[in-house]
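First the structure, in the form of structure tokens, and then the observations on it.
Read from first to last, the chains carry the letters A, B and C; within each, the first residue is number 1.
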Amino acid sequence: MQFAGSHILSIAQFERPDVERVFAVADSMEPYAHRRRVTKVLDGAILGAMFFEPSTRTRVSFGSAFNLLGGEVRETTGFEQSAIAKGESLYDTARVLSGYSDVIAMRHPQEGSVAEFAAASRVPVLNGGDGSNEHPTQALLDLYTIRKELSARGRDVDRLRIAMVGDLRFGRTVHSLCKLLCLFQGIQVVLVSPVELRMPGDIVEQLRAAGHDVLESEALESSIRHVDIVYSTRIQEERFSSQQEADLYRGRFRLNQSIYTEHCEPNTVIMHPLPRDSRVTARELDDDLNDNPNLAIFRQTDNGVLVRMALFTLVLDVAEQVHRHARDVNWYTGGRFDGL
Amino acid sequence: MQFAGSHILSIAQFERPDVERVFAVADSMEPYAHRRRVTKVLDGAILGAMFFEPSTRTRVSFGSAFNLLGGEVRETTGFEQSAIAKGESLYDTARVLSGYSDVIAMRHPQEGSVAEFAAASRVPVLNGGDGSNEHPTQALLDLYTIRKELSARGRDVDRLRIAMVGDLRFGRTVHSLCKLLCLFQGIQVVLVSPVELRMPGDIVEQLRAAGHDVLESEALESSIRHVDIVYSTRIQEERFSSQQEADLYRGRFRLNQSIYTEHCEPNTVIMHPLPRDSRVTARELDDDLNDNPNLAIFRQTDNGVLVRMALFTLVLDVAEQVHRHARDVNWYTGGRFDGL
Amino acid sequence: MQFAGSHILSIAQFERPDVERVFAVADSMEPYAHRRRVTKVLDGAILGAMFFEPSTRTRVSFGSAFNLLGGEVRETTGFEQSAIAKGESLYDTARVLSGYSDVIAMRHPQEGSVAEFAAASRVPVLNGGDGSNEHPTQALLDLYTIRKELSARGRDVDRLRIAMVGDLRFGRTVHSLCKLLCLFQGIQVVLVSPVELRMPGDIVEQLRAAGHDVLESEALESSIRHVDIVYSTRIQEERFSSQQEADLYRGRFRLNQSIYTEHCEPNTVIMHPLPRDSRVTARELDDDLNDNPNLAIFRQTDNGVLVRMALFTLVLDVAEQVHRHARDVNWYTGGRFDGL
């Protein structure tokens, strides 16, 4: 894959060497993201952040990633009501707005809209989520987190053992993650969900075609015994076809510290795409896991900054220059990322 | 006109030498806007962008223009509900907010509000549109585009031949453009509109008083035969006094490639203030013109950045310093502005 | 108080030497805030401005203060609807968002929310107002203004004579100011309000326990004769228990130029937390005071920038480095802060 000048629209664009390249660059971003060093490699460059759908964390993560490289951010949030009400095409919007920045990060509620926008854009576009379709930077940060957590445990993505738990039918993030895992070897995947919310058959097929072991289950406890990663997702009750069905499963996929202690191997990593539902009736990951050092959910969002920095430097072709424009941080940082 | 420290509120402030000065500076901004060079001339300066009415493209254009000069942007969008609900005067708002920045770009739905704000402001204010009253940077970017497109064809604004098409009665941009054209010489203006939406008489008078030829017409095809520029604007059906009247004109002012080929001179430039309505029932400029190199509508919005950069450097009196704080761009730009 | 790495949540954190330290640093910020010098001491640092409640002036003041130190600002305004609707806890929000910046300024409608957020944040949090609870930077800028205005008149906060006028019962700013005044000595406080809106007894007690003279009154004119400062606040009619009560007091606490001339000492300073209600029926400070050089209300908001710059440099521990990263301003500033 030729990164310089490319749009990042879908994980389908990535072959294994591309993923490895992104991750290697992400690794090299750590001194900057963790506030030991400052780089100004993109000093003078402008990111156009177009969030036509609200998403605070994705928006701020992209913006901060660009600031951390020394660039400026011009944001648009909410629908561009006036222009859309006046019948402006996505083509026109893209032609105009791409004249105002060097790269664009875009989120849009409509499937395929980001690709349509990118086709008319004069600068690289990074997909920040287009409806239920794609959210490639989330998939990459998930896989990057898996790799990094395993690496700290002396292991690798190849031969990973992972349990995906919850709503596997509608969960966009687990679908994308499975597709990325097909680029690796010898993975054991346990898919834990209510029958109604099973992983779509075509994705299970892709995993098997890639040579991976796939097991499907409805029981949480037995499924998380021999895995490196538990990737938990939310189950929304309205996804079930009937209330009886929903009642049947209520609470059966919730992980807490006592279940973890009893059933998981000592270093099993817990992930979640966030936001996590912390209401008593709904939580999929209990708050009592907050002090568990294997809870990686906030390292995931931190890693999102690294991955987005990496993608920016790659599409703008400055990955090799980052360290040349660098110096030490001169303000108080308080060891905030120590132990990560 | 003394630019340093001045507010830019109305095109009525501009004499011909002022316009020439803005355009000369805008020309010199091209290496920065087109991403060959980076300047930091306004490094440390702050633009307060106050958009009390939504306008994505104008807001982002002002913000990016300021970033391209090295400055920072603090934005406010939507109504300042709390303060206004509490009865704060525009005077107080201006006194307070002008303490937070070095220059202000402001859009406000109410006619005259930006001038009222400017009177109390301690820093220069650029009018980004106050209701149906003034939008001077749009008028300047339109004229700048005309000048630039003509110059590439070996011609000048003096002796320009232009057709303005569509709603000439309510279209703020064509009114302002006509006033600016009065600063030039020997222009032929063809005004093409439904009878109900004719150019106001006082503006026609001003054009004639400036020595220009003015022709009014209801027929598109015959009016665009011998012009350098076709400036098209939208006709909103609700502007007509009756549906019969609207039906009478539907589609009669739409330009497409076949009409262009049949009736226009080979290099006739097509302009539009945007947004362009791309719905099938309403389009004033057909999508099949998108590949026509004479379609200048996106060069117009690009030029808006140059003109706004020029105004910022002039009111902040740094036009002469821009090149001193400059260096080459170090990231991938992919020849994005080639051929413009 | 150890500033480096601390949250600034409440004025209760401040002892007198802490206040003195903040004010000394604020003084040293003047060349930068008043646009004679530019500093880049926080070049590369990111402020996360989280305004979960609208407040244009506080938000822009924090943002500009950070920009004036050379840092970048990533803003979030309005409720984070999606995440909150999905049941995310303030703990999770804080853990995630604090990974995206070096310091956070936060406003939230709910009392105690900012402290709860800060407890989970990995970076220093500055409280920009949490409901009716605390707004420490407003209290500090008020006291800083008092100190600065008095200093220009050869006086000091010790032995200050101040009249607080208006709604003293619900006015958060006067409560906080009284608490800060308890750190100083020999102050005479005249509390002027309708009976129904008297200062809460515990605050009066605190003032007296600090050795201050406190006088309560319902009459404006006689109360402002021998004071250094008149601190006026708004009275909202809906605060009264009956319309008769409200009618009784209407207009009795409004200050205008003729009352000022007749009753105040020549140099009495007029302050107000803003926004000031400028509707004819409601104004607490008449517009005819606008040219009175002792009207300090806009110097108050200007001082807010200085105080916030000071707090940023203190919690990020760069106060000593500010001047090392400085140079002269190179753009037109027009003596905008002359005579302040």
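Just so we're on the same page, a residue touches a chain if its C-beta (ideal position, glycine included) is under 8 Å from a C-beta of that chain, and two chains touch if they have at least 3 such contacts.
Nothing here was measured: the structure is a model prediction, and the numbers come from that model.
S.K.: Chain A and chain B share one sequence, so how far apart are they rotationally when you fit their Cα atoms? Give it in degrees, rounded to a multiple of 5.
M.R.: That rotation is 120 degrees, given to the nearest 5.
S.K.: Can you check whether chain A and chain C touch via the same residue numbers (shared by over half) or via different ones?
M.R.: Different; most numbers are used by only one of chain A and chain C.
S.K.: Could you grab the centroid distance between chain A and chain C? Build each centroid from C-alpha atoms only and quote it in angstrom.
M.R.: Those two chain centres are 40 Å apart.
S.K.: Residues touching two or more other chains, restricted to chain A: which are they?
M.R.: 72, 75
S.K.: So in the complex, which bits of chain B are touching chain A?
M.R.: Checking each residue of chain B against chain A gives 35, 38-40, 54-57, 59-61, 63-64, 67-68, 70, 72-73, 75, 234, 274-279, 282-283, 287, 290, 298, 301-302, 305, 329-334, 336-337.
S.K.: Across the complex, what residues on chain C touch chain A?
M.R.: It is residues 4-5, 41-46, 48, 72, 74-76, 80-83, 86-89, 91-92, 95-97, 99-102, 122-123, 315-318, 321 of chain C that touch chain A.
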